[in-house]
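Look for subunit A in each of the two complexes below; its partner is subunit B in the first and subunit C in the second.
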Partner chain A sequence: MPDELILNKEHLTSFLRKIAREHRLIAPVKNRYGDTLFEEVSCLDDISLDLESRPAMPPTHFLLPQDETLFRYKREDGQYYFSEVLPEVSTVLFGLRSCDLWAIFLLDMVFEQDFKDPFYLNRRSNTILINNPCLEPMKNCFCKSAGSGPFLTEGYDLQFTDLGDRFLVEIGRPKGKALVEKWDYFFVPATNKDKNKQYEAILEAESRFQQVVDLNTASLRFINNEVDETLWEELATRCQGCGACTYVCPTCHCFNIADRPISETEGERIRTKDSCALPGFTRLAGGHNPRQKRSQRIRRRFYHKLAFAKEKYHRSSCVGCGRCVEVCFGHVDMIRVVETICEKAEKRSSAASLQLGEILVNTGLISSEELKTALEKQATTGKPLGTQFIDDGLLTRDEIGRALWHQMNIPSTAETAD
Partner chain B sequence: MHRVLTTCCFCACGCNLYLEVEDGKVVGVIPSKQHPIARGNLCVKGWNIFEFVHHKDRLRYPLIRKNGRLEEANWEDALGLIARRLSEIKEKHGPESLGVFSSAKCTNEENYLLMKFTRTVLKTNNIDHCARLCHSPSVIGLGNAFGSSAMTNSIAELAGAEVILVTGSNTTEQHPQIARFIFDALERKAKLIVVDPRRIALSKVANVYLQPRLGTDIIWLNGMMKIIMEEGLHDDSFVSMRTENFQAFTKHLEQFDLEQVESICGIPLEGLRQAARMYASVKRAVIIYSMGITQHVSGTDNVQSIANLAMLTGHVEQEFTGVGPLRGQNNVQGACDMGALPTTLSGYQNVADAGVRKKFERVWKCELPVAPGMTGTDMVHGALDKKIRAMFIMGENPVLSHPDVKTTRNAIERLDFLAVSDIFLTETAELADVVLPAASFAEKDGTFTSTERRVQRVRQAIPPIGSCKADWQIICELSSRMAYLMDYESPAEIMEEIAMLTPIYGGIYHGRLENRWGLFWPCPSRDHPGTPFLHKGSFARGKGHFECVDYRPPAEIPDDEYPFYLTTGRIYQHWHTGSISRRITMLSRDEPDAFVEMNPVDGRRLGVRDGKPVRVISRRGEITVGARLTEAVPEKMVFIPFHFHEAPANILTHDKCDPIARIPEFKVCAVRLEKVQ
Partner chain C sequence: MKDSAQTLVRDTAANVYQPYPASILEVKEETGDIKTFTLKFKDKEIQEGFTFRPGQFVLASLFNCGEAAFSICSSPTFSDYLQLSIKKVGLLTGEIHRYAEGDEIGLRGPYGNGFPLELLYGSNVLFVGGGIGLAPLRSLIQYLLSKRSEFGQITIFHGARTPGDIVFEKDLATWDKQEDVNVETTVYRSTPEWKGNVGPLTSLWEKATISPSNTKAIICGHPAIISYVFFDLLKMGFAEENIISTLERNMKCGVGKCGHCSIGSKLTCIHGPVFTYREMKELSSVS
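Now for the complex of A and B:
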């Protein structure tokens, strides 16, 4: 079977119907109130599939539910008995957007790397991902700037590109292939003409973005410690601490673990979605809270998305879905913050350079002589100090990042919690 | 998993959200993106709303007190006992010895039924609910000035205002979605004036922030109006055409001495002048206020004063203007609308009016009591001297929410009989003779009316847990046992009766609420689209009424023995007496304990460090709480939230009330602080 196929649009429902019979099918549906949400679809007849609007909550909601039971416990005759609750439903996610799919790749890294999380990984290995490139970006979408869309070249199990009356279906991974092979009679091989049409459609889509968001510069400014710290104080006057910016974000994945009694003798250990925007998030036993101030919490969120993730996963963990832009109570959102960081940093650069230099000298990474030379050079090249060090081969980005991270005293407990 | 759209049961912003249901359990929540208020987001309470529904402490079966202890019982016995005891006491001591608390947490349909039950079965007008403790001064003050006590304009209009004046409302914490519209307005370059004794979050983004002393609002309001008059910034033609009693009002205002603004209020006159010019010189200006204005012995006067200010500048009767009393509870507007009040039937129809009574009597097929009812605060006092002997309380927790806990508890304990229906065993339910397990908002159908008069559907997501019943069913069954048949099939049927008897709800039917985001009352007929802003072109009462208002100091002010002002209120994470919110993991993690906010200078003087315990003592009692040092409160003033039963702020407050609205002065009393060694 070729890797590129055509599915006539009139067969989409029939294909999905087959899927729904054997798997849990999750797809974007516009409900009677006008909200588009990823829904579990068991019957295809009375729903209206909506591939145009961005579903309000990201699909990662299904991989990391708001509230999930890890195990149950029971106390009998002074003994505790435990039973684990592992999720095992075969799921097909249809109508994903490229940004959301990228978010899933990021989560895969998070949950595979340091500590293998059986709950996430179990769900994930039981999930088939079908991507639909966005040909019409919405007002606040910026996946193009984030390098996560509007279409993908790999990573999906299947990718369905809308070509008007038909979908170009690309097979990415074996699970996708199996799905198509099982019901191969819906598909015909794609022609070169179809491929060209896809290419045109995507070019067209790429030209339609209303938002250009310079995540790279913002990340660099963060890493080089060139961000004006008063920014966080200002944002803190507008943030209300609802937590939504993290709840709606497809790459956020912090959780809180607690025990919830069901009766006098039984209970469950649960994990619920948590948010670094909430005051209790980093409170340590004993009541000391290293990030008690709201400004510090906001700073951390952006630091984490733009700088920390870049260090660790070599890309920012904002995939440009635009959700946080539309829900914030006080317009504290990724687009705004990146714009402000890029703007304000210009003015602050030199002061920041000095500060960064000091930190690097203090941590023993460079000598004060080296700092002096670099500052002189920087005056002529106009490069940020950090970049200057990297370009001169004196330091790596990793080293600078670590030094800053250390300096900012981000406690290790918080780091492992998310 | 499936999702059910419903209305949030915390505050009166009225966000619509989807409850996520799996295997008959509510497991999650997401906001509606299309809903005009939620707009894809909820406050932290909303995001965590699902968790309390299945909490292990939920009442799951009725309880009857036997040998001093509450023991498990069946519905038959529990309802039978309530019916018998209420009838006996009514027989013996007369209907005026019975009292009922309805609930702003319950649906419109339930409030309507309970008030019908009180009047037809118990034959008394002794019914009230917590609006007494929050917006009774608005009901009276705005009723008197405009002819209607609700928010004059819709929430979304805020975003189009040029100037917004916020006073006595910590909007970002208590009405987050309204604050969101204020931020939207600021984005469009609107100006913000904040007048509040506490340096609340909004004050940091305000163009003008004024910090009056507690309980001195009439001074700055009168001052502001005097400045406006002196500078000729008032709206002459509006005042002459649309209002009455202006002559007397100006004459009275002339005597006001602007000196007092600084001496009594502590506000620099220049600042007030700036605010006055800002507010009066634009066309679209809005006033937002809440408990900081109403919970005073001068609450009604405060509200009247605010109405004066809006009329003086012509900032009513138009889009993007008006006066917005922000309602607290999810359905406190509705509970008032439904007539869970001692003086009015549904739709603010006066009980004293024989014509009104006749109209209801025709449909209810029984004679209605004429004697005016008692307010909630008076019923509690009445229990003390045995004027009230039995009470039925639906979903309220007066033991913690009323002022002066000791006196309230004492009063409730003196009752011959108390029945409570609630979802948890509250401090009040613990004192009851019979406790009925009620269904939560996730387990029933009905409607809530939000602060902007938007009537919205509450939809059942799961069957009632345990043997719980929805309050409307409880009332039907109780009533039928007391020889007055109530056999409604559903809340929709109750709403049909409400529509028939209540002109402002005349066109509101469940079916009509389905395919839109609710309806704004007044909505007099089936084809009426609802009314987003009131008084268009003319006040509900005809002409707007100016009232002459004089400053009256708070009932208790600091002295040598009790040198600190205490003010009470709520915080973002918790809801009222905490019976719901403190059982939600995330909310109680973020705010686990009671605290007292005090200025760092006072902290230093007392030798109290942040987080360390302090004893707060008033003439009524004392509590010990952790200190939270913050510049948000000025020196010599402290703030304590009232959510925490282990350190109830209302042990400290007094029960002196506004003479007209009978609202207690939760916002001011005097205390002494002691460091705990």
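Now for the complex of A and C:
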């Protein structure tokens, strides 16, 4: 069987119907409120399949569900027992977008490295990914900037490109091949004309992006410590702390672990999706919270997506799906943050300078006269205050770092002796 | 149910989230709100196979109550049990304080990097433990004392809120009796009976001769106090990589997945909880 085939659009429903009989089929469905969401489809006749819009929630929720049982436990005669839960059925994810597939590839790395996560990995190895690349980027999409779309050349099991009255079906991996071979009567080999048509569609789609988001420059600014620290305070006044950005983000994977009691003698250990945008995320027993302030949490999220992921996986963990842009009414989203970082880097505001100045004076590293002189000089040179001190030979970079670290770790109450 | 035409691929990876049952052999009351639990895995093979480095931690499960991370406070040289010292501060710690000898809990681990033993051989070691922060240090102290000749001078500073809050009193006394170990204890708020030092941990510096060039400092305690300890050690001339601390973070999974214990680009459960001051300084700018 060739690796490129044609599926007539008329046959799509029949093909999906066959799949749904043997697998759990997940596909984008428009509901009666007009929202398109990935849903489990058991009867193709009762739903309206929507391949036009990008589903509001990412498909990664089917690999890492909102909540799942990690094991069951019971207590009998004072003894504490644990028992395994079994993996679930084989799943086909249909109607995925390239951005979402990239998100899955990132999650694969997260759950594979160090300790293997058996739940994610079992589910993943029993999942078939069918990509439907976007021919028409949506208003807030920027997968092209993120290097994750709109088309994929590998990673998918099958890729369905819409060519008007038919799909060009590309076979990527053995699981995809098996699916097509099983019902090969739906498919005919693709011609050169079909392949050319796909090529045109790719060029056309790539030219249509409304958003160009310079994730690389933003990542570099983070890595080189060139991001204006006052930005986070400013964003904190816009952020409502609802955590929606983390729930719609296809690469967010943080979770909480807790017990769900079933009775006096038994229960289950579950994990549920969690969000670094919420204050309780880092709170310790006893109350101390290393990321107490909303600005710290926003900062964390963007550092993670743009700098730390790059360090670890050699790419940012933003795939450009644009969901956070749509969900945040305070506009604390990837597009705006990246734009601001690219614009405002190195322009330290006077408020930040004063704050640093105060810390340095309080720790006795400089006198208030020296601060005054430096601030006056800074007004003409335009250098960041710290750089000004270093250039004038008053302080070393180390001393400034140490003073900041020292200051940061002193809580407001003196009553915490241990 | 779907037709079973599809065979499911089963990854053979064990369930890293599932603990093993362990029995409480002994409960010792250290202070009004701290108890030390001596634990042993019920499965003999698991107990025998359980090895760790001082500074590593375990996740302890309580029936219908969830799970939390605790540093092991006993030395790996005691191989037929492990100990956890737990301060009552929240729901789970409150619950375990109601547990008694013979009760069962769940344990999984050990996790984290542990203390860098290879750096300590041949050096003097200064321990600074604030309150329950002495617990992870105790594991290392016991370990070093079991191989005493391989290390230099050992100094142990412990600070507590009040004399009643001093932990491991018996251990402190035993260690102090050893000729080549110097133990100093201080309290923040004194009582009429207390004859010892009064003042913060940092008031103990003058009680011992510390030579910054060939000493490694190992510190654990509340952030409010340890930042002062760092500052003083740096002023004394300690190199940043010779100041070592173990951090406490909200931990859920212990295996680098859940994201809770992230600090900068690192995860406390995988890359920590033990960091040098130099590493912490780099991480601190990104909390």
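By our rule, the second predicted complex is superposed on the first by the 343 of 418 C-alpha atoms of A that agree within 3 Å, B and C clash if a C-alpha of one lies under 4 Å from a C-alpha of the other, contacts with A are read in each partner's own complex, and residues count from 1 in each chain.
As a convention for this text, a contact is a pair of C-beta atoms (placed from the backbone, for glycine too) under 8 Å apart; a residue touches a chain by one contact, two chains touch by 3 or more.
Not measured: the values here are computed from a predicted model.
For the composite obtained by overlaying on subunit A, subunit B and subunit C can both be accommodated side by side without a clash.
By the touch criterion defined above, A:242 reaches subunit B but does not reach subunit C. Looking at the shared chain after the overlay, A:111 reaches subunit C, while subunit B stays out of its contact range. By the touch criterion defined above, A:33 reaches subunit B but does not reach subunit C.
Touch criterion met: A:256 reaches subunit B and subunit C at once.
Comparing subunit B with subunit C, more residues of subunit A are touched by C.
Using the contact criterion defined above for the overlaid structures, shared-chain residue A:75 touches subunit C, although it does not reach subunit B.
Legend: residue contacts after superposition of the two complexes on their common chain; A:121 is shown touching subunit C, with no touch to subunit B.
In the superposition on chain A, A:276 makes contact with subunit C only, while subunit B stays out of contact range. Residue contacts after overlaying the shared chain place A:305 against neither subunit B nor subunit C. After overlaying the two complexes on the shared chain, residue contacts for A:329 are found with subunit B alone; subunit C is out of touch. Once you line the two complexes up on chain A, you'll see the smallest CA to CA distance from subunit B to subunit C is 9 Å. Of the residues of subunit A, those at positions 256, 258, 261, 274, 283 touch subunit B in one of the two structures and subunit C in the other.
Of all residues in subunit A, those touching subunit B in their complex are 31-37, 39-40, 56-57, 61, 65-67, 237-238, 240-244, 247-248, 256, 258, 260-263, 270, 272, 274, 278-280, 283, 287, 326-331.
Against subunit A, in their complex, subunit C makes its touches with residues 2-3, 5-6, 8-11, 13-21, 61, 63-68, 87, 89-93, 102-106, 130-133, 159-161, 165, 188-189, 200, 221-227, 230-231, 234, 248-250, 252-253, 255-260, 262-265, 270, 280-281, 284-287.
By the touch criterion stated above, subunit B contacts subunit A in their complex at residues 1-3, 5, 16, 18, 20, 27-35, 39-44, 47, 50-51, 56, 172-173, 176-177, 179-180, 183, 187, 201, 204-205, 515, 572, 585-586, 589-591, 611.
By the touch criterion stated above, subunit A contacts subunit C in their complex at residues 21-24, 70-71, 73, 75, 78-82, 84, 87, 89-90, 110-111, 113-118, 121-122, 125-126, 225, 253-259, 261, 267, 269, 271, 274, 276, 281-286, 288, 290-291, 296, 299-300, 303-304, 307-308, 311-312, 401-402, 404-406, 408-411, 413-414, 416-418.
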